[in-house]
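Submitted below is the structure of interest, expressed as structure tokens.
A, B, C, D and E are the chain letters, set down in written order, and residue numbers restart from 1 in every chain.
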């Protein structure tokens, strides 16, 4: 009997939702478990890093890493798993695009540290003690990983073979990906394992979108009574579905929330945020500067809106610190 | 358009799979370039770039030997891409594309770098200018490697022209084109052509009789073998594009057979209504007509029309229909139904004219409240000898006016109604002053803000009216009332106005008030605008392509505009513009084909999500949503290649020939490769 | 790069107005700073915000977009679309820490060679005063923090001890 | 369903305009409209305040808006056309000119008040004819005033510059109301012409001339009654008829009253309740003689 | 004795600060777009007594003829009927311009002496500031005392009539929260106009 392919899961800077999504495979997970040999999954099973180090290079068939890369430890693990795996898969929006953690790329490291360890309302730290990367006591040395200045996508650290998009990826897409891995029926390296057409294509509200949208104002979904059947853009609410790869079956829209873009751009686009910005602002109705600015003021935080998940993967990547 | 063939339609060598071999040429332009830019260094750097097979410099690239170089290299070195660094592409791009094509490769495998106008002529530092030239050359070389073969498109042009609106503008354009031998379809909404001009007695500034100059033209339209005249008809649908518009025309039933009716009008006299009873639209409601009527005796076509709204046969079904029996040609046909005609034309002239301002919007002038307040159009009909009063000026109460006030700018130059100056009312007010004085001998006051009489003979006409004793009061009439303060005002209408030149507020009692209404876009102009993809200015008049240099063209190729639908104007200007529109349409169709640049955009249907974001952005309405595939589709014939939609498609599903994303990205990359 | 820093500005000019204005500046032999690298597009409406960000990411110190005056666009309204995108893009770029003066949109008609010259000179002077942006070098600096790990891993392996306990 | 509005009486109501208040309250009560008094309201500022200091004038009026803002019903109504205009203008200027609005709001805030902008100023005539409706009015008519020939006098500040429920130059609201009461409105070209307003106090010759023209024209057009909307207009037209006769040597006397008084009469209310005895031109037998007698004939 | 006056105007006779000051007041910003059509004058019911029609005032204001405007009776005759504002084809708020001129005149004491309108405005202003409400009788009495006490006698007939008909409120009416009112009206004293109002 041929050996079952070895599979590994690992998480970096992530919320844990992606791990959860693996469990969401529900009964199918048994099929998967039957078909593969899970050799490393710290969240669920007790493996040690040394176990992985001991494996021969390239011996793991596929590793799925979720989460963005923020610390030196994550970098190290990414490298290690890269070395040990035949296929490395960026699992979920954070690994693929930076995800929500990458919104921190708008702030300098010092500011983050200061807030988290000193200023946050729930912190009581009068001595202003900050974590040290190295601490020695009684002759024993404890280390902590380095906290990087930049949040990175997985492929900004190591080479990635495939991407499974989503915050988190849907069980359907995961099941398909696993099947492809098992059968070897794989698309070209570097592919995103989801359709290359924007979400509107599969959105249940697509037909309700008129051909003549001209934005007179942008409304914010939590402040607006919304029609549950009408395309969000037709109601003046920013929906990233136009600029976001489909494949999620428009879960958010079905749940009456506009798409926020977690599946990332299509392969034809270099910068998801720039594209959605381009489309939305070009369709503003006003012609005079003041009117245009007034309408666009309805989007108070362009970075947070257009790069909710994609800041690390964007062309500018990170806020340049101002002099 | 998406596939990359190995050869183009003319058998010239193409791209896919073939090794890319670039020839680079830098021009000295005598000393124009070489005196500042180190052309030798440019050539040397270019030679190092990927795919560059030959890199040369030459004194005058645009000269015959310069071009010959390129052609020779293409042949001898099997080049398939050419870059020339010289002057502005606006000057010589077509020259070199020609050379490239003659050399045997597709002319769009060419890129030009401007190192003269944007280089040697504007800079002073030789090293910096050379460095800049090299950067731009790198960009061009990188870009040209990504070029694809393209073809200029040629489309056949249908030889017929559609004209919408049969006022003096439409009539003039129709006759011009028909005389040039082109087939013309003239579609008019009303039962007769002639438009507003047919309602006037005299026209300024020459005071010649309107009928005398208009009716011969109307008859000429009817008789012209090249003109198909459809009155009582409207355009309902337009498809296609320049050279090939498919137009649907709805022809309302007039319940008279057009072929057999000879216009004897026996039927009208026979109608059971012995006296006319219904409001006569042509006479601005001043006269009455029967349910079976002809707008005016010289109407073209000279056909009667039955109005089903008032005809007893239609209302009650109980009429004996003497009209039907009296007609010995059996032309009355109650069974007629609406017809639709479908035609194909190469060009369209829209000449739908104007509508007079609705004075009930300004109750301050008392129209409708006081019997003796009239609109200018009503007065035009009154002074016409064939009009409802037979040319008599009698007020609604039967009196002949002894004093008349003419109020200018009614519904013009007023932000509350219409901001614009209607351009003709100063002049026609003077005309009406003259005619009213001629008919009644009354004192005439003109209440004006500014007299606008620019035109040949116009100011002279103004002067003539002053000499005739028309009283000119500079001030916008503030109100018209029947409120009196003194015995001489009793029984009169009082115009309260500041005579701004005297700086006194005056109360002027008159017997009759004439409101000089301004012009507004015609009823239904908005539908016409949508059907023909014409833009309009804020006030709703159709927008010309350029206010000075293309006053009869529109943003939609092949659609022209003439007359008051473009903006207020008088008859001389209308006729001039109609002639210009006819000439433009003729120039377009007579050539037989239109040729277009290939830099159009296209949507890959596999990529498009059908989000419709791009559709409203196209200024030419070239993008449509295909309801079958649920994707957006660009009509290449309408696309002018601005690229706006390309920059906007949020999923990157639109590409533009010659300005593909990756071509531009490679330019960006290369101009920055040294930083 | 060893030479002294010179601002590098990438310009996107529409074919009908600003590119032609630049031609006019040339024909009139007006002199302006050589720091521009021009990319010709048919219409300012073709300027994809991605192009602007890409230029910054690749090291441009400034980006200039030139189009026809409002109302004069050869394609009717492309410049309005450009203006709308620009308004949003400038806010975005500012929020990302890039000074507003590094991104400019100017309406320059075909007859305004003089204006073109002035705009270019002004912008070069302004960007010069702001100093280098050079994002491509910043990216390299940022990535330096990772490269140190490479080194540390090497050392650790020599010492046969894990980097983290 | 009873309708409820926040009610701003205005200063004249306490003095010369008392009858206006009495008839207004009586009629609206009859129609089931509740008027919820604005507590501790202050003078709107009228034309005089605006002449002295624009910001203060707006701030003064805005205090009333801020008080109304706390009310359950944001529709603020007033019987006085001057107050209607000033409150309306204040509210609109604060929106139209954010600079002014901010300043006024700061001034209010300093006094511990807050204005959110939710208040809408409504004219009582508007409420009567459009919210209550003429059908409802007709239902209450017990005494159709067949022979009353009404010159409807709207005055200036009722219609200008903010009237949005009718035409500003030749409105027809009172005309339609009069018809509903069984009366006949005459064509009245001066229906929106100014009566001189507060000039009656400062330049009586000027204001009396304006009133003279109005009274004279009403008679000339065949009216036997001028209906007015505003306490100030009514005061001017009602109280100065003897002075006008003296000054212009012409008898232009004619009965004048508030539209609410006429409505009350048609509803069968007694003149005392409607404050008719307070009108200088009121003559107890007028109704019997001119209106009711004629009607039965 | 010199009976002729110079009527030619030199540029130096104009005040270049006049128009900008008026245009800075809300409602007066569109002054420059006046086309001198005279609709405002024609519709103005008070123009029968004005020495300069409103249209002329508009022109004099925008070109800086401050002295001429301030010497004219026009602004004091304006009863704020808004007819001009509503009918102006350029949507210029003529009434607001009239108000602005009154305010300026009162501030700079440029009005004709003892002009009753000004006295009325000032008295009204004071009374409302003091009490929060206006009492017609008190106001008119004060007005006549200050301008033409002889008038009081003339008015006796009307006064008696009013008392008889119960339309005479002798007791001045005060609002309760006068401090609140003063806080509002004194706002500018606390924050002089040069300082930006606190947000």
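One rule holds in what follows: a residue touches a chain if its C-beta (ideal position, glycine included) is under 8 Å from a C-beta of that chain, and two chains touch if they have at least 3 such contacts.
Remember, predicted model here, so these are calculated numbers, not experimental data.
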Which chain has its C-alpha centre farthest away from the C-alpha centre of chain E?
A
Sort the chain pairs by how many C-beta pairs are in contact and tell me the top one.
D-E
Chain closest to the middle [Cα centroid of all protein chains]:
B
For chain A and chain D, let me know how many angstrom lie between their CA-based centres, rounded off.
66
Averaged over CA atoms, how far is the centre of chain D from the centre of chain E? Could you give it in whole Å?
23
Could you please state the distance in Å, as a whole number, between where the Cα atoms of chain A are centred and where those of chain B are centred?
52
Indicate the residues of chain A shared as contacts by at least two other chains.
269-270, 275, 278, 282
What positions in chain D touch 2 or more of the other chains?
169
Residues of chain C that touch two or more other chains sit at 45, 48-50, 54, 81, 85
When you check every pair of chains, which ones turn out to touch?
A-B, A-C, B-C, B-D, B-E, D-E
Chain B touches which residues of chain D in the complex?
167, 169-170, 187, 189-190, 213, 217, 220
Under the touch definition given earlier, write down the residues of chain D that touch chain E in their complex.
11-12, 14-19, 40-43, 45-56, 59-60, 62-63, 85, 93, 96-97, 99-100, 102-103, 106-108, 110-113, 156-157, 160-161, 168-169, 192-194, 196-199, 201-203, 206-207, 209-210, 239-240, 242, 277-280
Over in the complex, which chain A residues touch chain B? Could you list them?
196-201, 206-207, 209-214, 233, 241-243, 246, 265-266, 268-270, 275-276, 278-279, 282-283
Across the complex, what residues on chain B touch chain A?
606-617, 625, 630, 644, 647-653, 661, 665
Where on chain A is chain C touching in the complex?
49, 72-73, 75-76, 79, 106, 141-146, 148-150, 152, 156-157, 269-271, 273-275, 277-278, 280-282, 284, 286-287, 289, 292-293, 296, 299, 301-303, 306, 314-323
